[in-house]
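Same chain, two partners: chain A is paired with chain B first, then with chain C.
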Partner chain A sequence: MGGLIRALGARLLQAALVAMAVGIACFLMVRLLPGDMAYRVAAGRYGMDHVNTAAAEAVRAELGLDRPWWQLLSAWLGDLARFDLGVSLVSGDRVVEELSVYLGHTLLLSVVALLLSALVGPPLGVLLAMRPGSAADRTGMAVGAVLRAVPAFVIGLVLMMVFAVQLGWLPAAGVGGWREVVLPATTLAIGLAAVSSRVARDAMVAVAHSPYLAFARTKGLPEGAVIRRHALRNAAVPVTAYLGVQLVTLVEGVVIVETLFAWPGIGHALVHAVVARDVPMVQGTALAMGLIFVALNAAVDLTCLAIDPRRRPPS
Partner chain B sequence: MRRVGMRGTRVIGLALLGAVLGFGLVVPLLTGDPMRQDLSATLLPPGAPGHLLGTDHLGRSMLARLAHATRLSLGLAAATALCAAVPGLLLGLLAAWRRGWVERVLVGLADGVMALPGLLLVLIFAAFAPGDFLPLYLGLSLAFWVEYFRLTRSVAGSVFARPQAEAARLLGLGPWHLLRHHLLPELGPMLLTLLGFSAAAAVTALSALAFVGIGLRPPTPEWGSMMTELLPYYEEAPWHVLMPGLLLAASVLGLQLAAGGRGT
Partner chain C sequence: MKRRTLLASLAAAPGVLPGTARAQAPVRTLRVVTPWEIGGLDPARSGYVFQRMQIAETLVGTDAAGALVPLLARAWRLDADRLAWRFALRAGATFHDGTPVTAEAVAAALVRARAQPGPLAQAPVEAITAEAGEVVVRTRQPFLSLPAFLAHSGAIVLAPASYGEGGAVRAIIGSGPYRLTDLLAPQRLDAERFAGWWGPAPAIERVSYLAVGRGETRAAMAEGGQAEIVTTLAPETVDRLRRNARVEVVTVPIPRTRALKLNANLPFFADVRVRRAVALALDRDGMARALLRSPEGAANQFFPPALPDWYIADLPPPRRDLAAAQRLLDEAGWRAGPDGIRARDGRAFRVTLRTFTDRPELPVLATAIQGQLREAGIDLQVAIVNSGEIPAGHTDGTLEMALYARNLALVPDPLGTVLQDFGAQGGEWGAMGWSSPELLAAAARMGEEADPAARRALAQRIARILHDEMPVIPVAWYDYPVAFSRRTAGGSVDPLEISYRIAGMRWAD
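Let's turn to the complex of A and B:
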């Protein structure tokens, strides 16, 4: 119980840090960049040729750029505490309402991608670890190393070209039934599985040489029980822990892959908000992505605690 | 057996990296202007006379554009990695040396940056700087310095706490001696590995951002933006779309394998 509370407390702190980091990064950019931010934002939004004083003053009033920085920062944090993220400068809708539409799509995509990678990556790694140094192991490792080097948008593009354009099996973009999820989720899952299979393989190889596995065999446990109860469970600890590191890849991949496949999620919205200089939307979407990252990390922490009793403090 | 294998992948990585670097450094000197259009010769296939890798949808030489893109991406990646490494290293040393509140403040700052995936930070930066790529790579450095800081702080902290370091200090040998003879042999190889990995991450991030239309934009020859530009012509020229992606993957693979370490 104590371990649970400590793990969740650390993640709550991280969530607060995310809010501060998003807020502070936005304010620093507004303050530190040379030139008048109101003109910059107006130029981005209306085009370089359509900027005039009136447009810039309108932007200044909208964003409250005429106020001192500490007022802006405290206002952002105060609004945040009331779940008020402002109004999108492009659509005029409330940012919170727009986010609630996108959030479901992003969560669906991330969860399907994580499940797919969990179904493929670790089992493949365990299989490769059965005969370390064999031809299959070496081939698998080499393929994994190459796949880890190919960025998500290139993988996605190749999948799109082959399965959507050439073969016509799956739709290339959009959202709807399960068919639309397949390509973006597979793109993300390939990148994730390329890493998790390697971690699982190395963990299994390490476990195979461990004294506790030899002991489990010596005491006469059947091979199935040795693998299931001792080898797999011990190998699952680094794989799960490493999932926390991979979540960075997942969140960054979601931004790019959603844009590539026109998947209407938060990452897609973030890229569009950046292009349109929609400051409240940028803040809101970045914050939402950051909080998803923290929530997934908290889930990883809890899974680690469930798998590995050594992490729990003695009760 | 395992050692030989490690060395083998490292050699492959260095060869790949050397090939990509050579392509980016030498070929731009030999080929023509990557911006010169020839609308009478668009989308030529690779191997066409006068255009070794064909031409794009505006009749620009693919070879020249790819070579310039390679030079730009690798240059930016090296700059980003160095801009992250220098402050990260210095702040890490400062934290390990001074300890106390200095260390606590710096660790807090690093945790704040780490709380957010780096790409989000870069996107926030990009939102406020229309068309500039300087803030982009500043943003990347800002996201990457933390890794160098954490590595330096943890290694330097443990090295400085050793009895050998204490003995050197008691002998009156200055901080330079400690840094050169105690810290550098241990930290150096790890820093090189980290440099390789962060350069690879920077290459990927810059092209991924250019691909979604943030940062470097057409007509600048850049891998990501070239792929975006050529995507509509996929049916006629699938290889043209994939060539920048292949180069990108080769650079990342080369950097990662050459850097070695765990996870490659």
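Let's turn to the complex of A and C:
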């Protein structure tokens, strides 16, 4: 129990630090980008046909962009302390409201992608580990390496061509129903499963050569019990821990996949906000991504604790 | 909404669940897919989406030839003083919330539109009022292009209940043939037929709009039968779509020009010979064929054939003539140095070209132009920036050269764009360090001229000055390729991009 509280406490502290760091870093990065912010915001608001000096000056006056940078930053930090993320410079809507729309879509996409990859990746790795070095194992290695190396953009396009254009089973893009989530989630899941299957396979092979597995067999446990109680559980720890690392792949993939499939999620919003210099939206989306990352890592920690009693401190 | 979308998509994919889809015979949705996201509710920002989807209407519309026609206004007339325009409203027009479209509501919407960035803010309007059931717009001087300014998407008329405190738009309550039922900004909207529309009832009951930024994805949706109208097709996908039996690709030229903006305050471009040399060094025909897949798009002048009054019919097609370009540069004193780069008075011909990605072909064209000008001895650096950097660089004087795309019919009368882009101080999206008193005089006369023949002569004069002086160098005109599903009939493309014309369409099967 103490370990649990300590783990969660550490993650909570981490979340607060991430929020501060992400907010300040985004603010500074956007300010340091060359060019006049007012023009960028005006271009984001009114489009390339209507951006001009008159529009930019109106934006500058409305948003008080000529205030010194430390005033703007401290105003944002003050708002953050009151859990207020401010107002989008482009749309004029509250960042929280916009984020709630985007975040819901990204979470749906990420969760479906993680589930799909968990259903395919680790079981496949375990199967391949049964006969290390076999033709199937070597093919799995090659396919996994190729799938991980190919950009999500290409995987997405291939899936779209096959399932949306040739077969007509699924919509190529869009949002609103369950069918729209399948292709983007599968695109993400393929990249994730390619890696997790290899990690699971290597972990299984390592466990297979371990003395405790030999001992379990020697003491006469049936093979099923050996695999279930000793092999799978031991191999599950590195696979789960590696999930935390893989989340980077997910966050990076979301940005590309959401754009390709016209999915109104956080990654999509972040790209638009950066282009339009929409500082509160950049801060809000980066913050949401950072906090998701911390939350998922916390979940990974807890899962590892549950799987591996050796990690729990002696009570 | 989820269930309806699900039903619609089931109907669209009868192969999956044929029994269900046929048995329930759900209402089909006509799906429009474009690259343009819905950036909020404000007409100044995304009014064009609601205008094109025929959810909201302006006082004035345009017909197939681009001529102005009555829309919410039944008719209009100009007082004898040529300053006051009186717009009589269409009897029986109602907003989607059931309230009547009154002169007061229209005037309030237009007053608000004038306070936002957009064409109306730049027209010489003095006051907009409601008088005796008519909307009256007074201008400071005679301004005969005014009705065209009221056709712009920023001037859509919304019901009084659309506005919240402080005048912010809280809901889109328009008066068009379709009524907004669901909005998921920035990606999609759904709308249904509005029974109270003043015009003939449209055949299509439900419509949806989806913003899909990637050209590959849009093409896949057209190919896969997942959209009935797909606009702004990426050039590299058009040939494939033309071979698809489910789709009809319609391409119309639109009044939009890709051009090079030159800073004529710089020693490089102050000389008209250098500006002409740059034009001669460009392989506009090659770029139009190979990069834009639109051979007719190679621009030999600023105004495209889609604007017949402004288009000079007897100019020869653009031809690359590197030798002539080099001769002109030599004459202007720019001599090739040992590295092939020209120089004059110790200053190398080295300039930075700014362009942006809002139109994905622009960076590609910029790279081709870089190579072509290098062969003439001009060292071009390409900077991919935000579109706002071009007006910003114009204003602070740091801009050297820019490749941009300009809508010449933001208002259906190109005079509006000419006044903005080639004024006495140049224009942020036009000339820089160049102006022509003769052009200004012609434009001013045109603003007060009512006779079509005389207007045309003035337009031709302006076009000729721009062609001779080349304050900006035209590169390519625009084609607007749109894919229509063959399940629909009656679709057409509006070259002014004011409407998707859904209300006139029907299901073909």
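To be clear about the criterion, the second predicted complex is superposed on the first by the 269 of 315 C-alpha atoms of A that agree within 3 Å, B and C clash if a C-alpha of one lies under 4 Å from a C-alpha of the other, contacts with A are read in each partner's own complex, and residues count from 1 in each chain.
In the analysis below, a contact is a pair of C-beta atoms (placed from the backbone, for glycine too) under 8 Å apart; a residue touches a chain by one contact, two chains touch by 3 or more.
Keep in mind that what you see is a predicted model, and the values were worked out from it rather than measured.
Once chain A of one complex is fitted onto chain A of the other, the partner contacts of A:T259 extend to both chain B and chain C. In the superposition on chain A, A:A136 makes contact with neither chain B nor chain C. Of the two partner chains, chain B is the only one touched by A:G290; chain C is not. In the superposed model, A:V111 makes contact with neither chain B nor chain C. Applying the stated contact rule after C-alpha superposition, one finds that A:L119 touches neither chain B nor chain C. In the superposition on chain A, contact of A:P151 is made with chain B only, not with chain C.
In the superposition on chain A, A:A214 contacts neither chain B nor chain C.
Looking at the shared chain after the overlay, A:A173 reaches chain C, while chain B stays out of its contact range. In the superposed model, A:Y46 makes contact with chain C only, not with chain B. Shared interface residues of chain A, touching chain B in one complex and chain C in the other, are 40-41, 43-44, 157, 161, 165, 259-260, 275, 277.
Of all residues in chain C, those touching chain A in their complex are 1-2, 5-6, 9, 13, 15-16, 33, 37, 39-40, 42, 44-45, 117-118, 121, 168, 184-188, 210-214, 216-217, 220-221, 223-226, 356, 358-359, 385-389, 391-392, 394-396, 404-407, 410, 428-429. Put simply, chain B touches chain A in their complex at residues 1, 9, 111-113, 115-121, 123-130, 135, 200, 204-205, 207-208, 211-214, 224, 227, 231, 234-235, 238, 241-242, 245, 248-250, 252-253, 256-257, 263-264. Listing the residues of chain A that touch chain C in their complex gives 35-36, 39-56, 58, 90-93, 101, 157, 160-161, 164-165, 168-169, 171-179, 259-264, 272, 275-277. Residue ranges on chain A touching chain B, taken from their complex, read 14, 17-18, 20-22, 25-26, 29-30, 33, 37, 40-41, 43-44, 133, 145-146, 148-154, 157-158, 161, 165, 195, 198, 247-248, 251-252, 255-256, 259-260, 270-271, 273-275, 277, 279, 282-283, 286, 289-290, 293-294.
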